[in-house]
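Okay, got some structures for you below.
Shared between the two complexes below is chain A, which has chain B as its partner in the first and chain C in the second.
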Partner chain A sequence: MSDLDRGRGWRRWLDSRYQITPLIEFLRHKEVPKGPHSMFWYYLGGTTMFFFVVQILTGVLLLMYYQPGEATAYESIRYLTTKVPFGWLMRSIHCWSAHLMIISLVAHMFSTMMLKAYRPPRELTWVTGYILFALTLGFGFSGYLLPWNKLAFFATSVGTDLVKSVPLVGNWMLQVLRGGPDVTANTLYRFFGLHVVILPLAFVALIGVHLLFVQRQGMAPPLGAKVAPRGMKFFPSFALRDLLLWLFCFMVLLVLAVFLPYGPGIPGMDWELGEKADPLAPAFPGIKPEWYFLWEYQLLKEFPPHLFGLEGPQLCLLVVTVLLGIWAIIPWLDRQARRDQPSPGFSDFGWGAILFLTFLTLKAWDIGASGPATSPASLKAISWICAWWTIAAGVVIVGVRFWVHHHRWFFFTGAALLHVVLHGLLGLSYLVAGAIAAILAVGVVTACIFRDRRRQANAGGSR
Partner chain B sequence: MRIFSLALCPLVCIFATAVAAEENPLASSAKLTGLLAAAGPDGKPVLSPEQRTYFDGLNDHLKALLTKAVDADIITRADHLGSILALGLRPQKMEVFLQDNCVLCHTDPEVQKPETFFPLSQESTNSPAHHLNLRDFVDDAHFRRGLSCAGCHGGDPASDKLEHSFVKEWPGTGRDKDRGWVLSFCARCHSDPTFMNRFNPALPTDQLAKYKESPHGKLLLETKDPRAPHCVSCHGVHGIRSAKNPLSKVYPKRVHETCGACHANAETMAGFKLPDGSPLPTSQLAEYRTSVHGRALLERGDLGAPACNNCHGNHAAMPVGLSSVSQSCGLCHAGNASLFDGSKHKQAFEEHKWPQCAKCHGNHGISKTHDAMLSGGPRSLCTECHQQYAKDNPECTATADYFYASITHLDESWNRFGVIAEQLAMKGLDVDPIHDKLNELADTVKQARAHVHSFSKNSFDQVAAPGNQAMQSISTLVDDAKSEFRLRQLGLLTSIVLMGLVMIAIYLKLRRLERQEDRSHQ
Partner chain C sequence: MAGNTSNQKSTRRGFFDFLLGASSVAWLGSLLYPVIRYLKPLDRAGAIGPTRLTKEELAKLEKERFVIVPVSGRRVLVLQNAAQEVLAVDAKCTHEGCTVQFLPAESAIWCACHNARFDLDGRVLSGPPPRPLPKYAAERQEDGGILIVAERRQSE
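Up next, the complex of A and B:
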């Protein structure tokens, strides 16, 4: 007697029509690989998706009251948060969940990077995840303008202005993005359409592909390990653990939403409605984007207006594009991981990237500013304090990797820390310090690659 | 036919060239072209790129005027031309400038002596010989309307002859000894309504009449005191600007400096006395700068705040009389003045010949009022007079105490509820109704403070009573908001407990499943 025959009537009814038995059998036998590494990293994709579902649900509820338009957007959000029962809670959860989703997504991406889960045959899973990350940032950027308040208006003006730096088509792209030369109600309509229709459709479609890849290929086993002799059953063990974590996440979300309804109050993580946008008012100083764009905002500030015959923002955009491009094609660059061997260089590249982003973000927060953040004394103090914080973080990271994980490859982390020391402590300009650190890192890494190849060649010859 | 055509062609060319020369005066000005292209000893062009760009942007009419001046040898050198172009004047002003041979000659350093040269740079005006700066001159309100040198000094600006023919009001000698002539000099136009109407119909023409009646006028015209101010003392000479121009010496934010130039100078003011015979003080400017009015105008830039002339007048400037103090203050503080006029104090002040508002608030150094002025403490304003003239009147003390207690209570409540509203807002609660009521309360406090000037408990109560009602409403709204927040916390706690129970159930289920799985593997 098969399981199906033993099943309840509804299951037989469904199976006779939709043949669900193969699916049930697939899920019953699906396993998550166990290994010496922490299983925790396997849950981050699930938590990201959980926050996305929360976004969809609260977004739909917000949509019932939100009215896009210059005369209605701000007013409808104000009405929603002050008059509609639980409207404040929906907005608060929506905002918190957005930030937690990005945190979870960043952690998921870096864990994938460190565990080398992108190695064959999962390159396209990495690429789809990378695009999902870009779409999530698009969600953040487009949603930020929708309340049509003062901060959102000016931050969007500054943010969209960057598109101008794209060579040849920059001005055209700006027009398309804004629906005109300036941020107006047209921009609001565009961003609304983008936020509630285009991006969700693209995201759902892509997340379907991402999940399909994960289901077809299973979760990546630890590097170097053959398929675990005994994996964890996806149903019910892993799924129930997932549910447990989701419930915990939901509890955290609710506590944050009730006690900090406008965010923790740090720059780039604050969604108090404030005043309505006034396109005719002068932009106020100190406008900063959301925290996940702060590193790019700070990097733009580090570039002079003109360099090497290019405009500063253009060059900055080029650097960012190159870095993000490298990040996107890592599965093909990491040859050792492709051979299922440890690739400490790429792990170190990931940690170097974290330190690079940390230093820029701390600087953008003006940590250590004494007086107005634009004065030379303040800028120096900010660089100094942020450098020490980053160095402290770097030392902890290097220490843990060295003593706990027995890593011995620190060239990129070293370059990132050298950059921080040269700029923050010795007062060199950010770009000069960065260039010295980058040249040193590239030089040493190239030398290592040649040395390894020579050794391999020698080893091959002696054999 | 071909021969005829060949003969006609040169004729057509000559005619076309002549027409072109007529339309484009530059075509005939080799001199101007030479000046424009002139190079200095270092081989670089004398004219800066900005000056050249400005020249290129001039219309044909202005270029023709410039050509005429060059051809008439009034402008002979490139640096002279450059200094004119460097002014960057608008076309209308440039037209006036280029048609005025006085200015064109006096801007040429090669031709003029240092004392008759009109320099361009601000630095060169530091020399006492230079009383005219060209930039000030072209910014003058008169120049803009076509009134240049000859407008005041006489002569023919279109003539290129080196002669002057001054107007009869311009004294040939002794101009510095008695400045009384300045009045009639300016009044030629400024006291003529028909003439002034052509330029600015809104400008009054009674300045001279007012001035003659003022202490300044009497000092100049009757006492012949050389220290007496006249038109030029306040308005300047060759850089006279409208009072609305921030660079003007009579712009509201600069009036205190203009008046203070004499009134804050002990040397200048030596010998002047008050009606009681005491020396005229020179502390007014220092006091004004630190007063509420001075700070509002000078620090906050509030042009509605009074300067010297708002209380003392301008052309008819005089001390504010005893009876006109409340009139003067009442121009802005109308409500307070009206309340005071209807109070018991009005009569008492008149009997004692006290200067109403100034008796309590002072004059030039009016400081910010505070509620402690009503208290019975050392900062009280009432004590000094009341101890002398109404010592045993319990009603006065009771009323002052009542005012003080009521206002401080309302004010403290407003502050306290303001802080609470901020805290509630940070918790995400709807505080709009609280802010509405807080605004009502703030209005009440403001009105209550003003109604102190009625010195009447009944009048005061009429405005203070709504404040007490607003306070009650705020208190209720705050309690409601706090209840709402408690409800949210309770809801959160309930949700967490329920979710916690579900989590425990899941955990137990997981443990059971894993034990079963372990057993089945064993």
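Up next, the complex of A and C:
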């Protein structure tokens, strides 16, 4: 009797045809590194994927009633939520799961960043994850237009208009995206195709690559540990924990979807259907994009009409592109983590980014506004209150990092907080305050790099 | 002698590689060109030229002091100022393309999306828009109707 004929029934049947034993052996020996660090961060990719599966399933269900088109899109969603049994529930789950997926994804990305899991040999896992994040935002943006209500119409008008700021091909891209010079039913058809066919295909393919990388290389061990001290068996120990967490996520999702079917009522996290889109109606006061685009929305407001020979939106797009570009190539920039050494500067860069986004998001929410948030006095009050909230968050973050994690590197968080103080408390314009903070941060960091280089050179010379 | 033949061989191979590469690029280009042309929609066909406001639009103008109407494929904001004059400007904000509105109380044009203000001739008063709103000709005719002329600009 040969090796392959062992086992019982279906297992032997499959094995004699497809040689599945090596695969089972591989899965049996698969381990997750376990050390003194928290294991929690290893589960966030899984929860993101769980919410994505929920999106696919509920999306397919919504497709059975949704009809794109000028005269049918809004009406079919209204019919779905008011007449179809449990139609409101399916839409509510789809919306909640979308937001939870983005929350989970943001947490996954920042934890990867802070733990330096992007360091070699996992650079491409970071890059594929980065593209998956961009696709997820594309899902959010394209899905937003489909109900064809007022809010969706203006959010899409503003969001797509930014494309025209791209040099040379901007106008062409804008027309291709919208199916014409303005947002019309043609835009709806294109976004529908994007949302239900193009993005899902790209997303599934890329998840495959992302997971393949994780399978081949395993999860990143903690920084500095050449070999993980111990491992947790993936089957059944890790997989069961995964499953338990997904069950918990599912429960949270259902409770939220049932009790808050139109969202928590926070601007930017609200999917009340409202009125049908009317291209000839003016934009209404208090219009805001979804919460994960609020920082960008606010940044657009902070730019003056013209600066350095460019139009405000163009310069804003340039700044955002540079920042996102830096974020994409972090695995190659972080040379200390490449050598498996701690890189406190990059942890601090991540925290600085969080404070930067927090301040913009709070401002976009008009927190601290008394009355309509349009007068200069009220805008000043918003900056003032939001600055204090951001400073409070910054103090907590710095405190925890200093005393609990013994971090001693705070130039980027310092610059982000200086920016907040100069703008919110001292009244400098957002961009001037930002330029001062950025120049200071870059100057200090460059000085540090040169000092370290010289020190290394001296140490090398004396040896 | 032997070196010479291998050299010849390699240039011949290089030549064919170049030929293969160039024709592959040309082939891809001929595939992509129709797709790229397909993606960009045709210019919208529709009524172009001076447009008279309909009865409903006139009623809305009377009631709300402004109305947004389609003229020559663009959205035009028609408003009535304090002196009862009729003015027309492009309704598409030059910042990020939201639709603006007239605030009669402040005698200003306002965009709700990023809090931009314009005067009634479309000039930027405050906020982030980089350019003024294009102004159009609006004239009240003898029968009380209103005629809007929004010329299609060359650069668009």
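Criterion: the second predicted complex is superposed on the first by the 454 of 463 C-alpha atoms of A that agree within 3 Å, B and C clash if a C-alpha of one lies under 4 Å from a C-alpha of the other, contacts with A are read in each partner's own complex, and residues count from 1 in each chain.
Operating definition for what follows: a residue touches a chain if its C-beta (ideal position, glycine included) is under 8 Å from a C-beta of that chain, and two chains touch if they have at least 3 such contacts.
Keep in mind that this is a model prediction, so the values were computed, not measured.
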Touched partner set for A:81, first chain B, second chain C, both or neither: first
Contacts of A:279 with chain B and chain C, given as first, second, both or neither: second
First (chain B), second (chain C), both or neither touched by A:255: first
First (chain B), second (chain C), both or neither touched by A:18: neither
In the superposition, chain B vs chain C on chain A residues touched: C
Touched partner set for A:92, first chain B, second chain C, both or neither: first
Partner chain in contact with A:172 - chain B first, chain C second, else both or neither: second
Residues of chain A that lie at the interface with chain B and also at the interface with chain C: none
Contacting residues of chain B [partner chain A, same complex]: 426-430, 432, 488-489, 492, 495-496, 499-500, 502-503, 506-507, 509-510, 513-514, 517, 521
Contacting residues of chain C [partner chain A, same complex]: 39-41, 44, 68-70, 73, 75, 91-92, 95-101, 111-115, 124, 128-131, 156
Sites on chain A touched by chain B in the complex: 81-83, 88-89, 92, 230, 233, 236-237, 240-241, 243-244, 247-248, 250-251, 254-255, 258-259, 261-262
Residue ranges of chain A in contact with chain C within the complex: 154, 157-158, 160-162, 172, 175-176, 179-182, 186, 279-287, 297, 300-301, 303-306, 311-313, 373-374
